[in-house]
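Shared chain: subunit A. Partners: subunit B in the first complex, subunit C in the second.
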Partner chain A sequence: MAVHTSQSVAKAADDDTVARGRSRGTGTPTPPGRLRRALSTHWYAWTMVAPVVVVIGVIIGYPLVRGIYLSMTDANERNVARSIGVNHLPATYEFVGLDNYTEALTGEQFLGTLGWTLVWTVSCVTITFCLGMALANILNRRIAGRSAYRMALILPWAIPGFVSVFAWRFLYNEDRGLLNKILSGGGIDGIPWLNDPTWAKFSVIAVNVWLGVPFMMVALLGGLQSIPSEHYEAAEMDGATAWQRFRHITLPGLRPVSTTVILLSTIWTFNMFPVIYLLTRGGPGEATQILVTQAYKFSFEISPRDFAQSSTWGVLILVLLLIFAAVYRRVLRTQGDDW
Partner chain B sequence: MRRGITATALVAALALAATACGSDNESDGTGKSSGELSGTVTWWDTSTAGSEDKVFKKIAEDFEKKHPKVDVKYVNVPFGDAQNKFKNAAQSGSDAPDVIRSEVAWTPEFADLGYLAPLDGTTALKNSDDFLKQAAASTKYKDKTYAVPQVIDSMGIFYNKKIFKEAGVEVPKTVDELKTVSKKIKDKTGKTGMYLRGDDAYWFLSFLYGEGGDMVDASTKSVTIDNPAGVKAMKVVKDLVDSGAAKTDATDGWENMQASFKDGKVAMMINGPWAVADTYAGKEFKDKANLGIAPVPAGSAAQGAPQGGHNLAVYAGSKNLDASYAFVDYMTSAETQAKVTKELSLLPTRTSAYARQDVVDNEIVGFFKPVVETAVERPWIPETGSLFAPLVTEYTKVLTGQATPEKATKTTGDSYRKLLKGWK
Partner chain C sequence: MTTTAPTPAARHSAPKVRLRGERSPLASAGLHLTLIVASVIAVFPVLWVLLTSLKPAAFATTTDFFKETTFENYTNLIQNTKFLTWFGNSLLIAGLTTLLGVIVSASTGYAVSRFRFPGKRGLMWTLLVTQMFPVAVLIVPIYNIMASMGLLNQPAGLVITYLTISVPFCAWMMKGFFDTIPREIDESGQVDGLTPFGTFWRLILPLAKPGLAVTAFYSFITAWGEVAYASAFMVGEDNLTLAGGLQLFVNQYGAQWGPMTAASVLIAIPAALVFLFAQKHLVTGMSAGAVKG
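Our next item is the complex of A and B:
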């Protein structure tokens, strides 16, 4: 959620500079009168966007600020204000400054969880992207039953996420799951899909890839279709091999699409709550716990619920993703993309 | 599955018959206020879905017969989610139930958070001297009573008599015997000896008590999970799983345990009275006599099972307190308890209920009553309900080989000390 927030805020900021740029172009560049001039020129526009600004401020800004504030207190379930029937309990939590951040960043729990979250994100995005790319290329050719294949491959996307995750949970069940029944039919010992830490990691990645491929495929397929076929014809005339055509036409042609889907997919995977939570709840032990599921655990599963620590992790997740987006953008810009 | 439905339908029919008889003979106190009570009472029950819930729903809705203006809304919340769900609802005040079936360890916590209405002097608490002492202990917090005991329980070994006969073994009395018995069962029948839940630390407690350990010691205000007994207990369960004497799962433990025991794939499980009705629905236990129950195996130092149970508590923000109090009283009356025992073999909390014929005749109650009397009582402090979350994470880590028993108990102990400020 926080990520979407930051994006829309960033976008709003962009619009803002554009508007100012334009006003500078039309008027004189004298600094003192600029704001007044901008207001007098664009007062109508500002009035029109005011409701949106207010709504965004209330539904995004307030929770964000509140979350950041809570992360600097020692708020938990037992010291926040409660009013239940005859019992009225005032808030007794205190401001503790950056203690929660120091604790999180020096403790092994946050860094350990972050390590697995990075492995999880990188492997999910890489595998999903490669598979999506392969499938998109296959389905871009004229093959028999192409639309049927396309429909089938979009299916995981069409099913509500939690339904498919539960289906996978049944498939993975060690004793009664279909996967192990098939294996035992082939004379292979059952695999502890969700009960062994390493297998559990593999299993959650597999499910996330399964869920993520359709999006990649559809996006990349769209990108492929926007590459003019003349390029390929010209390359063929010049005697380029299939690999060369892929390397020098398809990949550069897909660049605007692939950079965007990789960014989106990274952010989504980093915060992919349902897959982890519904498959393993972060277990066995804490083997598959990613940052968001752990933050949820602090806030809703342990008792007393630790709102402060949960907010701290939430803010840290936001900061990490902001840094990633900024670096990613800069790298792309140095490579000549006009972002 | 179809068999299960038939069985539950039968149980429901029995419940109907039983309650029909019950209301005819009804003549005691609650009738007085009849006519005055009105409104809706929402009850969140946490009993086992698919077996116990049907009986409780029926009994709860029969309250409407005594108080026609009251509408009882029965909601079954899965036990594992109920603690958090109630906290969410209670704190926000929206969609909170009027009455909650609160596990014994949750009760002081909910009371401490201010979510429960004190019941002293209300109609909910009648003949409070009649309640078993152990059952009443968890309902009191800071000199007030916040809940009424509904059922009391402990744990024992559930075993499949047929498999035991086939393998020619006796019920194990110690953990060592458990290992040899499991091996014999595996050799003779190819079945696994025991199912041990790896996703819930409650199932670890009898092994912990068996080695002379405990989670905390409230009398000396000290954390005891990471003393040598705690480490030893972790080694014991790890060894049971590693040696193949027991199998376990890190997820879906309850479903997998019940399924494999009911289908006769494992010969033993550690469980409590709450599992009896569900177990009887299994194909191996169509003949109820096939189910044997024995005390949990002793460890190297002692023998003990945790004392548990459930209370009924009233939400402090309930809009219908009077009807809720009356409902709690009705649900915990000796008569209702006897009815529940008859259907579900759960143990009553009222001394007078044990004199009733239905209870006297029940074999499961006959077994568990002495077990409950000697069961290990946990300290009823607000933090007791918080002790399992850190423990289960480390317990699962030990069973799946991610942490050594020493490290796991130490991590658990550290989080306990963080939780219980000022404890050793």
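Our next item is the complex of A and C:
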């Protein structure tokens, strides 16, 4: 792969030189002096990243600042600036400092929801990672029908999330869903998949694992393919057993990919809004409510809509994830990362 | 279920050529069995929706695989609802998001991969941190921004929002991908008098096709399947995207599964097509991207 790439590149470069030479004889002269060259390099780099910086600054930066501000007020639907007909009512909410945070962190609701969110995140990521690892290892071997299997296994990723969640709701339906019909065919009572707190927790985790395995598998498969086969050959020479090869070559070889995908999928799962929201709306009761769906509920579903509480939870989610990411990077600091 | 998989997989994750002979028929059968079970679990929910959509609405909840196969769910859907309008809206928004997402994340990824510049570290962290933002916190303020810029109910508003979701991850992935392309290529470009932009555009981009394919796929899927922003920002039956339209549709049809399943199938088709186009690059693109992530 690498060899092939560099060859074609060399050729491309040659062609390009010729084309360039003809079309633009003047070219851009390299600016003399180290300082000026550095400056011009930065100029290019900055221009290239500018769109991202601007968009993120406006779309993420402002809402973040606003969210942090709101979390220190008592804003809710009744006291924010709003228009009723032609009358414009100014905002009347007040600054309350860190009251919302003390309330959230000492109250049972936040801690309870956090507990389930952690269980949800850890179990989803662990199961997804293990299944993805297993399937990637199988698919990385020479096996008949490999590409057909791979297509089938990646399929859940290709289907829009709300469609798959709908498909699962359809299967889970207590009275008429296929799963319960199969069970009753075997003489077993139907299971209240989404209506019993414990089963609902099981069901949402199952769906999220189903959705998450393809990403994990593809990423790990790519990682496996980048491990040089010489390493395995050398290990076999030395008489390493299959388990030893897995333990001492495959796992370390997958380390860079694994650390990245685990970090990403932890963050995504922690904030996995659509699965919970579309599958159970956090119910039954509040059994499957994770932090992010609860925060959404505060600002959209309860009356009066509680913007301050919602922002507080949102900021807490962000802080928790930031702490996690920082600790994670510190613990597993990979060599060669220059950022 | 598939929990038995790790053991056989772990045993022989070594090079294929060497191990082909070493695998007993029993192990082969086990591997195939595992893969078949996993594939069935992966495919079945989707397949079941497809099969249900082909049954008359009255038989939607029967367990037969086929029952009086008919397309009436589809014809109903297309003739009696605004489905095609929603479909067009979604296609426009997802298409724009994909195009812009690929351009922006490729150039960002390249800049971060090749240049050392003040603010690089901060940018990398920002890209990671934006992944952590809960929708719930952002949705109201973004709504306000869009309203004040007059972008509410406009495709552009959603496109910009989706870019903030897809670009951070894609830029990260592209950075990793560009890291695997030797720097000598850039240098040869510079020696030949190309500007950094020229090098990027004419030399590096053509080499990064697998990475670009993955980026395109990811951007498209993100925009195509997003629900929360789409239903908050777009109002009026003509402006809805599929995600928003389907919500209306649930109310309109109550508990009838027939039309819902037909809609799901039609929604899944473009995503599957994009997927087919991207899938052969998926592994290469992702690996290069994620290895150095």
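Just so we're on the same page, the second predicted complex is superposed on the first by the 275 of 339 C-alpha atoms of A that agree within 3 Å, B and C clash if a C-alpha of one lies under 4 Å from a C-alpha of the other, contacts with A are read in each partner's own complex, and residues count from 1 in each chain.
The rule is simple: a contact is a pair of C-beta atoms (placed from the backbone, for glycine too) under 8 Å apart; a residue touches a chain by one contact, two chains touch by 3 or more.
Since the model is a prediction, treat every value here as computed from it, not as a measurement.
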Which partner reaches more residues of subunit A (counting touched residues only), subunit B or subunit C: C
Subunit B versus subunit C as contact partner of A:287, first or second or both or neither: first
First (subunit B), second (subunit C), both or neither touched by A:149: second
Touched partner set for A:99, first subunit B, second subunit C, both or neither: neither
Which of subunit B and subunit C A:74 touches, first, second, both or neither: neither
Which of subunit B and subunit C A:197 touches, first, second, both or neither: first
Contacts of A:176 with subunit B and subunit C, given as first, second, both or neither: both
Common interface residues of subunit A - those touching subunit B in one complex and subunit C in the other: 173, 176
List of subunit A residues in touch with subunit B within their complex: 77-78, 82-87, 89, 169, 173-176, 194-197, 200, 279-281, 283-287, 300-305
Subunit A contact footprint on subunit B (complex, rising order): 83-84, 87-88, 90-91, 93, 109, 112-115, 117, 198-199, 248-252, 256, 259-260, 265, 315-318, 321, 385-386, 389-390, 393-394, 396-397, 399-403, 419
For the subunit C and subunit A complex, residues of the former touching the latter: 2, 5-6, 8-20, 28, 31-32, 34-35, 38-39, 41-43, 45-46, 48-49, 52, 61, 63, 104-105, 107-108, 110-112, 114-121, 123-142, 144-145, 160-161, 163-164, 167-169, 171, 181-182, 184-185, 188-190, 192-198, 200, 202-203, 206-207, 221, 224-225, 227-228, 243, 246, 257, 260-261, 264, 267-268, 271-272, 274-275, 279, 282-288, 290-293
Touch list for subunit A against partner subunit C, complex: 1, 5-6, 8-10, 12-13, 16-17, 20-21, 24, 27-28, 30, 41-42, 44-46, 48-49, 51-53, 55-56, 58-60, 62-64, 66-67, 130-131, 133-135, 137-144, 149, 151-164, 166-168, 170-171, 173, 176-178, 181-182, 185, 210, 213-214, 218-219, 221-226, 229, 232-233, 235-236, 242-243, 245-246, 250, 256-257, 260-261, 264, 267-268, 270-271, 273-274, 277-278, 291-293, 295-296, 298-299, 307, 310-311, 313-315, 317-318, 321-322, 325, 338-339
